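Chain IDs A, B, C and D follow the sequence of writing; residue 1 opens each chain.
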Amino acid sequence: MTLMTNSDCILEMINVSKTFPGVKALDKVNLSIRKGSIHALMGENGAGKSTLMKILYGLYTPDAGGEIFFDGKPFNPKAPIDAIHTGLAMVPQEISPSANLSVAANFYLGREIKKGILMDQSAMNEKTNDILKELGIPMSVETLMQNVSVAKAQLLAIATAVSYDAKLIIMDEPTTALTESEVHQLYRIVKKVQERGIAIIYISHKLGEVFELSDEVSVIRDGEYIGTKKTTDITKEELINMMVGRDMDEMFQREDVIIGETLLEVRNLSLPGKFHDINFSVRKGEIFGIAGLVGAGRSEVVEALFGYKPAESGEIHLHGKKIEIHKPCDAIKHRIGFVTEDRKLTGLMLNMSVTDNMIMPELLPYEKHHLISEELARDVANSMKDQLRIKTPTVETIIGNLSGGNQQKVLIARWLLLEPEILILDEPTKGIDIGAKAEIYKLIVELARLGKAIIIVSSEMLELLSLSDRIMVMAEGREVGIVDRDNATQEVILEMAAGGDVPSQEEQELESEYQTQGVA
Amino acid sequence: DTLVIGAPMPSFADKWMSYLFEGINDFNDKHSDVEIKMTDANEDPSKMLNDVDNFIDAGVNALLVVPTDIAIVKPIAKKANRANIPLVIVNRLPDESAMKNVDAYVGSESIQAGIIQAESVVGMLDGKQGNIAILMGVLGHEAQIKRTEGNKQVFSQYSNIKIVAEQEGRWDRAKALQIVEDLLQAHPEINVIVANNDEMAIGALLAARKAGLTDADLIITGVDATPDALEYLGSGLDSTVFQSAKGQGYGGAEIAYKLAKGEKVQKMNWINFELVLEEQKVEYLYKYQ
Amino acid sequence: MIKEASANARKTHYTEILNKYGMLLILILLFSALSLKIDGFASFRNIFSILEQVSMFGIIAIGVTFAIVTGGIDLSSGAVVALASVVGASIVTGTEGYGMTIFAFGAAMFVGSICGLINGSITAYGRIPPFIATLGMMTMARGVAQLVSNGRPIDASSDAFTSIGDGSIFGVPGLVVIYVLVAITCHIMMSRMSFGRHVFAIGGNVNTAKICGVNVEITLLKVYILAGALAGLAGAMLTSRAYAGNPTFGNMWELDAIAAAVIGGTSLAGGVGSVPMCIVGALIIGVMNKGLNMLGVDPYWQQIIKGMIIIGAVLLDAQKRKKA
Amino acid sequence: MIKEASANARKTHYTEILNKYGMLLILILLFSALSLKIDGFASFRNIFSILEQVSMFGIIAIGVTFAIVTGGIDLSSGAVVALASVVGASIVTGTEGYGMTIFAFGAAMFVGSICGLINGSITAYGRIPPFIATLGMMTMARGVAQLVSNGRPIDASSDAFTSIGDGSIFGVPGLVVIYVLVAITCHIMMSRMSFGRHVFAIGGNVNTAKICGVNVEITLLKVYILAGALAGLAGAMLTSRAYAGNPTFGNMWELDAIAAAVIGGTSLAGGVGSVPMCIVGALIIGVMNKGLNMLGVDPYWQQIIKGMIIIGAVLLDAQKRKKA
């Protein structure tokens, strides 16, 4: 390899390595990004994608021996501020805006507009508004971030990165929190950005996105650089092969499972302001999907079902008997498991070990003479680690050090260990690579075969369509209808979901404002 | 071979004590064959027990203790006895049963200070109606308990005297200043302020000045006769009570020294309180030179 | 449907006001109740007196609020008060003149800043919890104060110096004037300057703040220096009011200051707080202290009642929010 | 390649050990240094003496560790010591016999538990920050202690009762025996029982704990009751050692206890902590106190040095981790 920097490239990384205690996350990785191109970066969970990007952004220091050139000049960021000043911006994988600040404050955080020694609040509000309008993300800029939905926050993070005067923008799995319509909005933004001559590194597990957006794609596997291809020169199968190192069938084919008697029945479940009159039943061996746009109240329904945020009225029947679920422990007693939507907020105990994270819901099986046996717990965790191919040095590793996808697998393992009768999965494959996704699908079907009932909430239409026996569609907190597998198509469901889609008053006002100004 | 005397002290943040320490240091400096080590219990009796233990472990020749409170003397005496180390208690008089195991006591009875202070107030009132506010030190400290008790013993005998308020000034000038401000507002009838120590008395007189009261309006009295207080004597402060801190420190050290050498000493060594009025100001100021 | 929504909106509005100004309401209730019980409690004179008594730990509370908003804490402020008072007093002792007075105030604030600088460096660069850093500083500062003063109060009764604590401007006591000036300045810093914005960002999410290019270390350093300087200022004010510096001053003031901040709605988890509400918190404590003293409540009971009021106020506030 | 990996593994192993036992190393270094300086410092007798001195706030520190691991704190423990000591003393005052002794210890722990119950209820059900709940309790418990005792020490010099503090079993002082028993019990509770797991889960992520079916409220209640009961026990131990109960006992002990926990690596953010390391933390403070006293360091300087050692130890530990 020549050490001459290529003037075509905005970024060149040569032989970059990174070692964490016990893990070699990156091993002599090379990456070249051409100016103004959209460059997809792919690899399985834990391959080292985020780590590579964090090095670029000055969040991690790489091991000695590698070199990075940005715009032809050597580049060794010590802190994000260095990266920002050099012309880099990043949308991190786990966006967590300052919830206590307003949209505009977040937007201009670290680069506030000043008038004298004071901040020019109105200028920041105005400019934020302008930029959001331009990108087609209408929202009130004075809203506190804690009142902004995850999806909006994700779009906002992207808008923020765009608004930096950057030459290269990193987007680490920007679409995990988005539904289809928002994804298209994102595409628009990305294309707009590219038109300005800005290069983008785009990390995603979704092949569709990669082929739709990117000019080139690079793959890393187990911390090693595999190669870079022009997107037009490569097929899906070849790309998957590069990532997992073997041939794999991408399309998941569901086998049929015998469906038994009714296990769970939900009647007139309501939580004012969130959802109303939800009725459905799930049978043994059935996979029951719930579809809807973001904000339709799907998560709230399953949270109520699990007793996390209990409903105010309505009944839940299990095995034909009415049961009371006021708290999650009631649900757990009835062997209901629940993989929640928000990993950070309700999933992980970040500074605890993988084992501790797995065994928490039910400690009894690990007790010997009323004391928890570490050995027993470790063995069980290890078997789960193997079964789900969780990439972690040991099961004692602090879960915060795992890659996003592997964290998700641990959470799924947690509820599998409960051996649930009913398993609720809210966006279960968020951030999970294709290989693992297939494994999880297989697992879900396997559970169904064993006579368990599965409820799955997902924003990925294909996932729902290929897995579910029936799909309930929700809009604006109401049940629009339930479709059978045979009748369910993307169009039908989208239409149903949009049927109830009335934008909120605030959004309507903003929208009409844009129209009168002739922007939209 | 120098003698070592362990001297656990209750608080290094106490002004009056600091003169007592000076007395001890004075003795230490004048005698080359003795080394006196002081520790600070920070007003924590448990810490004082630790200090005693440590000195016993270090094998000192005698213990010179100003106890945090008199209840703590018992276990200290027991420990000293067991280790066969002579023990001198200074300043705070333990009860009889505790005194059995103590070799010598140097000091006075705290209650006396309260009595002397109260009697001076009675004299100054001269039969007039007296409405009294008492400012107490940190609740539970021996000096707070005994001095207040002495005050009340005297005041209860006079029908023209009424205790209007009792508050905790924590030995602290700033705290007393705040309390007296409030008290004078709530009870304009107050014409006597009796403080457990001089620092609080000074706080009281600053508050009185703020409230626009003159010397004639208020009788203020403290205990300790510290140099600061002596300065204010006659210009706001009406009386204070002197108890020779240096004398107690020096005297205590001397007795501990003798005991360490195996000499015989007198068990009770009284150092009396003295009332200080404006007339004696110069005389007492001289003691600090 | 529309009716419901507007009713909802109105409800939200009320609850928002309750959330924001609930403590102010509690303060007003407390004050009114005491005014009914005690003659002259609602007088100007008394209000200024409360403000004067509050001014010193109130100023500390403002500094502490900054620290708490970043997600930190400052336990050293009481000890810094002592150190600053001793240093300030030893400058003016035996001297006169306004030059020396200003110098003493400056020196007190400087000493406080140094303590704050150390707190901040240990926290920001040493990455050790501010609880421990400032706990250590608390012990050290008090030790130094005693060392400097030899454990004794230092006279500071020069006319010029005490005129700050004794004097008044248009009837407003000098200390209250200082309190108001500090409060306004700090309020602007917190709510209108990018420094304040960064303070909130760090408390909200330190990683995000870092990613956005906020210089977390420098900001923390500034915060602790500010808190230290304000504690130093409070020390100088107390010295001027008490005519002396004393190594025992400021004992446990840090707890009162923290209580004031938290009663004012500052979240110990960081990211939430404001100067005006911190003043409300300090006033609740001040009104309570004054009321209990003026009512002549037994000192033992005073402590018990004080504890109950503090918990009660925060509880009431939390309950209201929960219902809302 | 394989060689490199194994070298790496070994390095990891070292750093892991350093992370985990760094403070133990610091303790050993401190102890060795003092042993070189002071004759007889490394004797059994002295070690027991250190353990005895540490036992009381060490026990409190264990309770506080539970509270901190849930993400909370307990500032009331020092005041609870005072209250428990007064209650315990008034039971044995003027009496004799082991029955009364046991009753006094029981009563002290019961009183502590009640305080803890109140702390816990306010925190768990009132949802107000434990910092404020226990700060209020700190003031209240001390007030009640003074009320009960009328502000005076209460004699507790009965032979049976004081034999706990004075006596020893096979040469091990009674208080040390209690400390060890409490430590073992609490260590098992924390590391091996589901209660302990729940404590960690709450500190790790309270939402997740809820989702995993943990009864957060009850667990918090238990934690604060435990912390209160242990503070009560420490109060009884101190009473037996000091032959008296005293409302001034335990002043600022809560800070020593918290310092011990944090020096032992308990994270104030919650979710991290252990009983053995809390003991190491307490021992560092104890060894330091004893060493400074035996060296005859000037008390003013002692405070300064103490502050420096506490900060230094945590700093050293943090630095080591950072490098690793």
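A few notes on this one:
Convention: contacts are C-beta pairs under 8 Å (C-beta built on N, C-alpha and C of every residue); 3 or more make two chains touch, one makes a residue touch a chain.
Chain by chain, the UniProt names read as follows: A = Ribose/galactose/methyl galactoside import ATP-binding protein; C, D = ABC transporter permease.
Given the structure is predicted, the values throughout are model-derived calculations rather than measurements.
Compared with chain C (ABC transporter permease), the chain whose C-alpha mean position is the greatest distance off is A.
Chain B has its Cα centroid 70 Å from the Cα centroid of chain A. Averaged Cα coordinates give chain B a centre that lies 34 Å from the centre of chain D (ABC transporter permease).
Chain A and chain D (ABC transporter permease), compared by their mean Cα positions, are separated by 43 Å.
For chain A, no residue reaches two or more other chains under the stated contact definition.
For chain C (ABC transporter permease), residues that reach two or more other chains under the stated contact definition are 142, 146, 151, 299-300, 302. With touch defined as above, residues shared between interfaces to two or more other chains in chain B number as follows: 12, 139. If you check each pair of chains against the touch rule, the ones that pass are A-C, A-D, B-C, B-D, C-D. Of all residues in chain B, only 9, 12, 37-40, 42-46, 49-51, 53-54, 57-58, 68-72, 74-75, 78, 97, 138-141, 144-145 touch chain D (ABC transporter permease) in the complex they form.
Listing the residues of chain A that touch chain D (ABC transporter permease) in their complex gives 19, 21-22, 24, 306, 308, 327-329, 331-333, 338, 340, 345-352, 356, 359-364, 367, 370-372, 414. Chain C (ABC transporter permease) meets chain B in the complex at residues 38, 40, 45-46, 49, 53, 142, 146, 150-153, 155, 166, 238, 241-244, 246-249, 251, 289-290, 293-296, 298-300, 302.
Of all residues in chain C (ABC transporter permease), only 75, 122, 126-129, 131-133, 135-140, 142-144, 146-147, 151, 255, 258-259, 262-263, 267-268, 299-304, 306-308, 310-311, 314-315, 318-319, 322 touch chain D (ABC transporter permease) in the complex they form. Listing the residues of chain D (ABC transporter permease) that touch chain A in their complex gives 5, 8-9, 12, 15-16, 188, 192-194, 197, 200-201, 204-205, 207-215, 267, 271-272, 324.
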